[in-house]
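Two complexes follow with chain A in common, the first pairing it with chain B and the second with chain C.
For the complex of A and B:
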């Protein structure tokens, strides 16, 4: 019983990180209308950009029982901005030109394949295949009633992730650009007829998707290490979460991410650990078969 | 001189094996519009089936039946076809990019099975001592590779010819009709799902054949021969050559593998061994760039599909 509770708790922690990444996948699926296989590389870039920043500043003295201090949080924010810009830059360089040329959506998926290869291996080119750590501090798990082991880092990450999601929700609900984004997600034609400026919505979408992905990447890198496949290994989980929740739905992506994280950890109780990377995919296949529009999505 | 000849023979053998993969993918994507992102998975099924059927018996493995080469080839094709049928029945209804995600995941699942099912696959060690056909006749490595090259030319010619025949048949026309306008094809009474499934299974069977040919050429199989990067390379070959044209698929395979091999040689000359990871990264970046630049500047590929117009339309 305690093992199941522990799996649930671990699932919530990883699930929150997956959710941050899945929000971007979900919005590119719905607003840009293609499956962006390069999205996982935004996580990797985010993690390594933050690493580069902390090499300058240090991860900070441990505060509040965490293994790092405020400089790492600042580095994550800097990385979110830079990765957002990189995502937008990729759109300007590749996807925008393909859209202009009237390419069909699947061609954008090929291009995303190619872009993902280039982005991931630029990281290998600079950092190699070695693992890196933001901090070498060790941390003891804290026992939380009724007996679940929890790391203070995990709790802090969960809180930050939830904060980012809340900010995203407020942005989508109250800001003009956020409302325009939702309008584009629902009906591009109608949104344009109502005077929504497509290019500005596209830019905001990439900046936000890249930024959230970078945060997810930094959080993944904190538990416990960075390597060039850090994002790629999460690719299927991100898609599973996004499609599970229904493309273009923020609460959907969040719940999808949590469910994928929990399912991964619960499955581990019965499935040999060697098959762990396949778990999100098995979930995804079930969703695609039984509810292809997701839990909260609308028919496309 | 011998060195260059034997390298060239080896290079061409690999190109021909990969051509079979690209031709299979061209049937699925180029002619039917199926986005199979799990090429490496079907290639692995074929390769491992062949290895398990033909490798010399070893006590620690369940398989390794030591059967003749041709049984391995036939078994590899049959099992890949069966796997593709099951996978296709599950996924063929999915629309474009969702099919890509599903097949991509299946390839990863297959690779995990090869890594973890040790009694059958040898795990990360892989399987060795896989029978090479006619290796008692052609004893030197060069003579053997030349023999295998001739064999592969025969196989690729047969596949090319057979595909040409079936694509020119009414069956092939229905595939293109489905690719262009599925609704119209259904309205004409064709079962789009059935044709898509048939094309998926046939294309995947070719990928399985390619896997078996590769494994029996190298004489060794391991999970690291079937990484997702292979799927991307084969896609790059098809897009560079021109999808919807089998000659394009062949040319694309030669060009992309040529770039890969040439950049590999250059990198190994220029980059010190301590930075081998960086050198390999440059190779992959090149392939990614070729793919993206091709899509941007020459989306038809080097030789794209010839437009087909009914002869009854000619004045």
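For the complex of A and C:
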């Protein structure tokens, strides 16, 4: 019983990180109308950009029982901005040109695969294949009633992730640009006929999705290390979560992320760890078979 | 409102289509003046909707010109045409079903800066049914209510010209009547209204001017009453009423 609760808790922690990445996948899927397989590399870039910042500032003295201090949080925010800009830059460099040329969605998908390889290898080129740590501090798990072990870092990350999701929700619900983004997600033509500029919504989408991906990347890098494949290893989980929730739905991506995280960890209770990467696949297949529009997706 | 009767939208010899080199509209022309309702009728596939989309900037124009309020808007993007003074209500999917009524109206007023609150208030006053349901998703609205929302949404920016693509399609007769009356009131306020209609007779009865489009070209045009009375138009485009030579 306790093992199941522990798996649930671990699942929520990883699920929240997956959700942050899945939001971006979900919105690019719905607004840009293609599966951006380079999205996982935004996580990697986000993690390494934050690492570069902390090399200048340090991760900060441990605060509040965490292994790091506010400088790392600041580095994550700087990285979110820079990774957002990088995502938009990639769009300007690659995807926008293809869109202009009237490329089919499949062409964009393959371009995304190419971009992902290039982005990943730029990281390898600069940092090599070695693992890096934001901080060398060690942390002891804390026993929380009814007997679950959690790391203070995990709790803090979960809180930050939830905060980022709440901010995104408020933005989409109340801001002029956020409403325009949702309008565009449903019907690009009608949104344009309302005076919404496509390119400006596209830019906002990349900035936000890149930013959230960067946070997911930093959080992944904190538990516990960075390597050039941290984004790539999450790719399937991100897509499973986004498709599970339904393209273009923020609550969908969040719940999808949590479910994928929980499923992965619960799955580990019954099968050898080697099969963990298969879990998102199984979920993805189930969703596609039984509810192709996702839990919260609109019928198309 | 400015001078009634002033032409505010003019399309000249517009050639347009979805694929370059394969136009659907082959040189259509029309004009609409302030305070008037003009209707485009014609058989299926005549290019009526495509002409509207071309004017709205949603379909590429290969040649010809579109002039809105004296400004050449040919080839501008849809958001720029809206900014220049056009309101457009497409035939299908003319509301955002996943957004609330209130959000639909806010997207309609996307280009507004300071006047949003006043325009929302005005929309709710002219369409009280929308005010009651402002927090509901647009997908919960009936067909007629959706059409009202689509019209209210297009009016948010105070356009000089409103184009509606088959606004009465699929509506109950009573609601059809209500939509036409709304559009008449709108024209009475000095807006130029342009319609595409399958319900040709009903539309022409509420219009000042009519255009008959066939194979992407102007076939006939004139005062709506004259078109209604024209036996040739009746035979070919108004369901054959008033003549027995419909098959000819």
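Quick note on the criterion: the second predicted complex is superposed on the first by the 300 of 300 C-alpha atoms of A that agree within 3 Å, B and C clash if a C-alpha of one lies under 4 Å from a C-alpha of the other, contacts with A are read in each partner's own complex, and residues count from 1 in each chain.
Heads up, the rule we're going with is that a residue touches a chain if its C-beta (ideal position, glycine included) is under 8 Å from a C-beta of that chain, and two chains touch if they have at least 3 such contacts.
What you are looking at is a predicted structure, and each value in this text was computed from that prediction instead of being measured.
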item	value
Superposed partners chain B and chain C on chain A - clash or fit	fit
Partner chain in contact with A:197 - chain B first, chain C second, else both or neither	second
From chain A, separation angle of chain B and chain C (C-alpha centres, steps of 10 degrees)	90
Partner chain(s) touched by A:179 [first = chain B, second = chain C, both, neither]	second
Which of chain B and chain C A:100 touches, first, second, both or neither	neither
First, second, both or neither for A:136, with chain B first and chain C second	neither
Partner chain(s) touched by A:239 [first = chain B, second = chain C, both, neither]	first
First, second, both or neither for A:35, with chain B first and chain C second	first
Lowest C-alpha to C-alpha distance for chain C against chain B (Å)	16
Of all residues in chain C, those that touch chain A in their complex	56-58, 77-79, 82-83, 88, 90, 93-99, 103, 106-108, 110-111, 153, 157
Sites on chain B touched by chain A in the complex	35, 37, 90-91, 94, 96-98, 100-102, 104-106, 108-109, 112, 115-116, 229, 232, 235-236, 239, 275, 277-278, 280-282, 284-285, 287-292, 295-296, 299
For the chain A and chain C complex, residues of the former touching the latter	176, 179-180, 182-183, 185-187, 189-198, 298
Residue ranges of chain A touching chain B (in the complex, touch as defined)	34-35, 37, 94, 97-98, 101, 103, 105-107, 109-111, 113-118, 120-122, 124-125, 128-129, 236, 239, 243, 272, 274-275, 277-278, 280-282, 284-285, 288-289, 292
